[in-house]
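Two complexes are shown next, each including chain A; its partner changes from chain B in the first to chain C in the second.
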Partner chain A sequence: MILTKKDVPNFLDSLKNNYQVFAPVKQDHYTEFKEIENGADAVLDYSNTKTPPKKILFPQSEKLYCYKVEENGVQMEEKADEQQKVIFGIRPCDAKSFTILDKVFDNNKYQDPYYLNRRKNTILVGIGCNAPESTCFCTSLGGGPFDTTGLDLLLVDIGDCYLVEVISEKGKNMLTSCKEAGEEDKKKASQVKENATLTTSINIEGIKEKLDNNFYNEIWDYISEKCIGCGSCTFSCPTCHCFDIVDETADSGGCRIRNWDSCMFPLFTLHGSGHNPRPSNKERFRNRIMHKFNYFVETNDITACVGCGRCIKNCPVNMDIREILEEIQGLEARSVS
Partner chain B sequence: MQSITTAVQNSAKKLLEENKVDVVIGFKKGTIPLRSTPVFIRDSNDADKLEWNYYCENNLANYLRNKDQKIGVVVKGCDSRSIVALMKENQLTRDNLYLIGVPCSGMIDRKKVNRIIGDKEILETNCNEDSLIIKTKDSEQTIKLNEVMHNSCLKCNHKNPVIYDEMVAEPVSENSNTDFSEIKEFEEKPAEERKNFFIEELSKCIRCYACRNSCPMCYCQECFVDSTNPEWIGKSAENVQDNLFFQAVRVFHLAGRCVDCGACERACPMDINLGLLTRKLYKDTTEMFNTEAGANLEDAPALSTYNMDDPQPFLLKE
Partner chain C sequence: MNNPYLPIPMKLIKNFRETDDKLVNSFTLEFINEEDKKNFTYTPGQFAELSVFGKGESPFGIASSPTEPGILKFSVAKVGKVTTSLHLTEEGTTLGVRGPLGNSFPIEKLKGKNIVLISGGFAFTTLRSLATYILNENNRGDFGNLTIIYGARTPGLLLYKEELAEWDKRSDIDLHKTIDKPAEGWDGKVGFVPQVTEEVAPSPENTYAIVCGPPIMIKFTMPALEKLGFKSDQIIMSLENRMKCGIGMCGRCNVGSKYVCKDGPVFTRAQLLEMPNEY
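Our next item is the complex of A and B:
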């Protein structure tokens, strides 16, 4: 299928009749995923958004329910989001991240209705990366600049128009008025894909075992030394999913709210007694790496990183996960006794 | 720049070889363009990793508290002033520090560069005397350095360290007067406009606390935002009022202590204009009490002394 670039605003406007449409829009000098007012606001010629579209399905702060104590008892109001959504122009790494989050919010122990409701009502229209950035390393984690994991449609920028690859039935049904792609278009698309090469990679082979065996290695003392313990990395990560539930109350009512949490914060593991099992940046930073490259692999058989590179770009002190993994790879793997 | 790099490396090497310090904290090459990154050097053979350039933007005073080692640290004007301010608060012992002083010509603000070149990836950069050359995939652009310097650096009047054990280069010339024109201009705007500006800015906040954690002066054992009993502030980032409240309290707590190094604004991943807030408080304390935080070892911190004739223009009624 073919979607010409000049038709995109109209296409998005028509989608708005049936869906909440989210797309990258300009904010300062970068782009962010926002619900768009007009189709023309969508910026598809972008590197990647500052923060991931994760927040659309799993908001940073989410009211689960609100309550009010009245004379005749407690009134409850559940906050269910039933709106149909389209995330338009999502990068393949971010689309893949939803398949990782699915494992957290939908497994044999627990199904999270808030996330899953949105997930089932959301169509993901991806845009391939003609020019991956130097901080991208998706191919090292099983993804790629034109990977279709998690997507319903994938747009490939071939100049004046996008070649649209149909991945799912849901996606196909959206394309009512698109013409078929010709041989020439298909040739251009495969050329574009061939030219989209990544400049960096990481080696995660055997990293889980290395981490298993080196929990107490002195490497953690110096690896985390320059980390200032903020949540910039975790909050810009498409796969980080830890949350905290709080009640925000005023007078006789209030709301139960789910907020993103960050394992880099001291409060994350602070016990009621005042004891903190992860008392310093060392333990917190180690946990962040362990969770992504060891614990999550153990439980879900997949690494909780898609190689989007946001943590590298957003870190105030230039902590670079690629360097850290390389250091860990350099460790002697002690045999498991 | 290269001569400063060499001098810093030599100094660090000597300090480590002679066991005068256990570690030297400075900057090494970062992993992305326009970035240097803090580094801890313990082996004199690693001293040649150290570098000095326009990308050494972090305030290294942030790494000095609660260390039981002798530390050599590379200091710009602002780092040295934060060290002075921390010493006055009994957080650092001068004898445990060896300050390698570097005259600073200012640091480059990546977001200003990005605003000029747009959403394109910077592949390579080159700096000379007064300009920065940026290479992207399909363009090369030369930008005047003063167009992309951090605001805090452009307004800085302590480019040279105020205390040091050695200076690795000749001092640079200082701005002769303190420029608060930007603040005065903002103060004159109607209250509604000022409020709207900050609401707009703080709506970008993701509450990662990078601003707080990058600040050498933010060292409360428990920050008020982390307190759960009582819960002073909501934890939700989508509540802009709470985001604004967080910044207001953060900045007020830094009044008379903040050296206006700009580390908070540099650390913000969302590029929120925090400098306007910190500089406003910096202006107020400087003008009202005629003292600049960390400028010298003698002055008592403005807010920890009291004189009967202290100005009180903030009182609504006297």
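Our next item is the complex of A and C:
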């Protein structure tokens, strides 16, 4: 299928009749996913958004339910979001991150209705990356600039128009008025894909086992020295899912609210007794790496990193997860135990 | 979809001070809805999230036993915002309960075995649940000897004093209460839990030891049990870590790849030895 660039605003406007439409929108010097008011607000020639679109399905702050305490009981009102949504112009790495978050919010025992309802009602229209950034390393994690994991449609920018690859039935049903792609278009698309190369690649093969064997290695003492524990990496990560639940009240009523939290913060694990199982940046940093490249693999058989590079770009002290992983890969030779 | 974040309403019918340092109270809650009462089925060792509406919710081991129908009991130390407001909550107030959560003591595995419960301070809660379960007339025959070693710094810091006195009278429990230093009128042992464990010297033969206590007690009780011949898969423990969701999603209570809330809180020592030392 073919979608010409000048038709995109109209296409998005027509989607707005049936869906909440989210797309990358220009902010000062960066782009962010926002619900758009006009189709023309969407910018598709962006590198990647500053924060991932996970906030659409798992908001930074959301009401789980509100309550009113009464004489003999309590009235509770669940806050369900049933709106149909389209995330338009999502990068393949971010689309893949949803398939990882799915495993978090639908684990072997419990289902999170807030995330899963939104997920079920959301269509993902991806846009391939003709020019990956220097911080991108998706291919090292089994993804790629035109990977279709998690997507319903994938747009490939071939100049004046997008070649639309149909991935799912849901996606196909959205494209009622598009014309078929010609041979020429297809050729252009494969040319574009060939030219999209990443500058960095790291070998993560066997890293789970390396981490298994080196939990107590001295590497963790120095590898985290630079980290100031600000949590930027976790807040900008498309697969980080840690949260806190708090009450906000007025009079006899209140709401229970879920907010993003971060494993990089000391209070995250602090016991009531004062004991903290992860008392310093060393343990917290180690847990973050272990969680993504070892624990999550152990539990869900997939690495909880998609190589989007946001943690590299947003780190105020220039920590680079690729260097950390390379350092760990080199452990075998260095390991004392 | 069933919403695991929604608590059921329960009425606080008893707010009782347990310890003379005024820091631990026990709370007895009654189900408000018949349906909740029917659906809330639990096993000793499980926990629940207790809500004080307007303040928040925190996880606590269930101290009552399924053999005490219609109520739930929690013993809570006053340490933070939720626990402090819980201590100040008047009887008759509606609270919220979310659960039961977590795994439990492996009741089926424990059947036919001798049971040794070892505990210190206010960690005795879920062991009280298990002891009460075992001592129920319908269950007592399913288990072998029941030995309880329970210590606190002073007599006033022991939980469930009246119940302990009742148990002391029974011939089907071998109860050893201990305190750190001699005190006037004290009829039990004097000494730390690990040392009393060695003195009592329960046989590891066909036995499970279930140990709940502060880290320092655990640290010294493990070698004592090993010396007596207990293997690491005969020692069962219950972990505590800071929790929020209780359903394995919010990310804070993990020890290695295991979430204490969802995969625990009950682990054998053999399992714990395989996990990173981060609890």
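Quick note on the criterion: the second predicted complex is superposed on the first by the 328 of 337 C-alpha atoms of A that agree within 3 Å, B and C clash if a C-alpha of one lies under 4 Å from a C-alpha of the other, contacts with A are read in each partner's own complex, and residues count from 1 in each chain.
Going forward, a residue touches a chain if its C-beta (ideal position, glycine included) is under 8 Å from a C-beta of that chain, and two chains touch if they have at least 3 such contacts.
Since the structure is predicted, the reported quantities are computational estimates derived from the model, not experimental observations.
Trainee: On the A-aligned overlay, A:S177 touches which partner chain: chain B = first, chain C = second, or both, or neither?
Mentor: Touch status of A:S177: no partner.
Trainee: Of the two partner chains, chain B (first) and chain C (second), which one does A:Y295 touch, if any: first, second, both, or neither?
Mentor: second
Trainee: For A:V246, using the defined touch cut-off, is the partner it touches chain B, chain C, both, or neither? Pick first, second, both or neither.
Mentor: both
Trainee: Quick one: classify A:N10 as touching chain B (first), chain C (second), both or neither.
Mentor: In the superposition, A:N10 contacts neither chain B nor chain C.
Trainee: Regarding the shared-chain residue A:I312, is it in contact with chain B (first), chain C (second), both, or neither?
Mentor: first
Trainee: For A:N117, decide between first (touching chain B), second (touching chain C), both and neither.
Mentor: The second partner, chain C, only.
Trainee: Need the overlap of the two footprints on chain A, from chain B and from chain C, as residue ranges.
Mentor: In chain A, residues 244, 246 are touched by chain B and also by chain C.
Trainee: Along chain B, where are the residues that touch chain A in the complex?
Mentor: 30-32, 35-40, 58, 62-63, 111, 114-115, 118-121, 123, 137, 204, 206-210, 212-214, 226, 228, 231, 234-239, 266-271
Trainee: Residue numbers of chain A touching chain C in their complex, please.
Mentor: Contacts found on chain A: 64-65, 67, 69-70, 72-74, 76, 78, 104-105, 107, 109-113, 116-117, 215, 241-247, 249, 254, 256, 261, 263, 268-273, 275, 277-278, 283, 287, 290-291, 294-296, 298-299.
Trainee: Per the contact definition, I'd like the list of chain A residues that touch chain B in the complex.
Mentor: Touch residues, chain A against chain B: 27-31, 43, 45-47, 50-51, 59-61, 131, 133-135, 222, 225-226, 228-232, 234-236, 244, 246, 248, 257, 259-260, 262, 265-267, 312-320, 322-323.
Trainee: Going by the contact rule set out above, which residues of chain C touch chain A in the complex?
Mentor: It is residues 1-6, 9, 11, 32, 53-57, 77, 79-80, 83, 94, 96, 215, 240-242, 244-245, 247-257, 262, 276, 278-279 of chain C that touch chain A.
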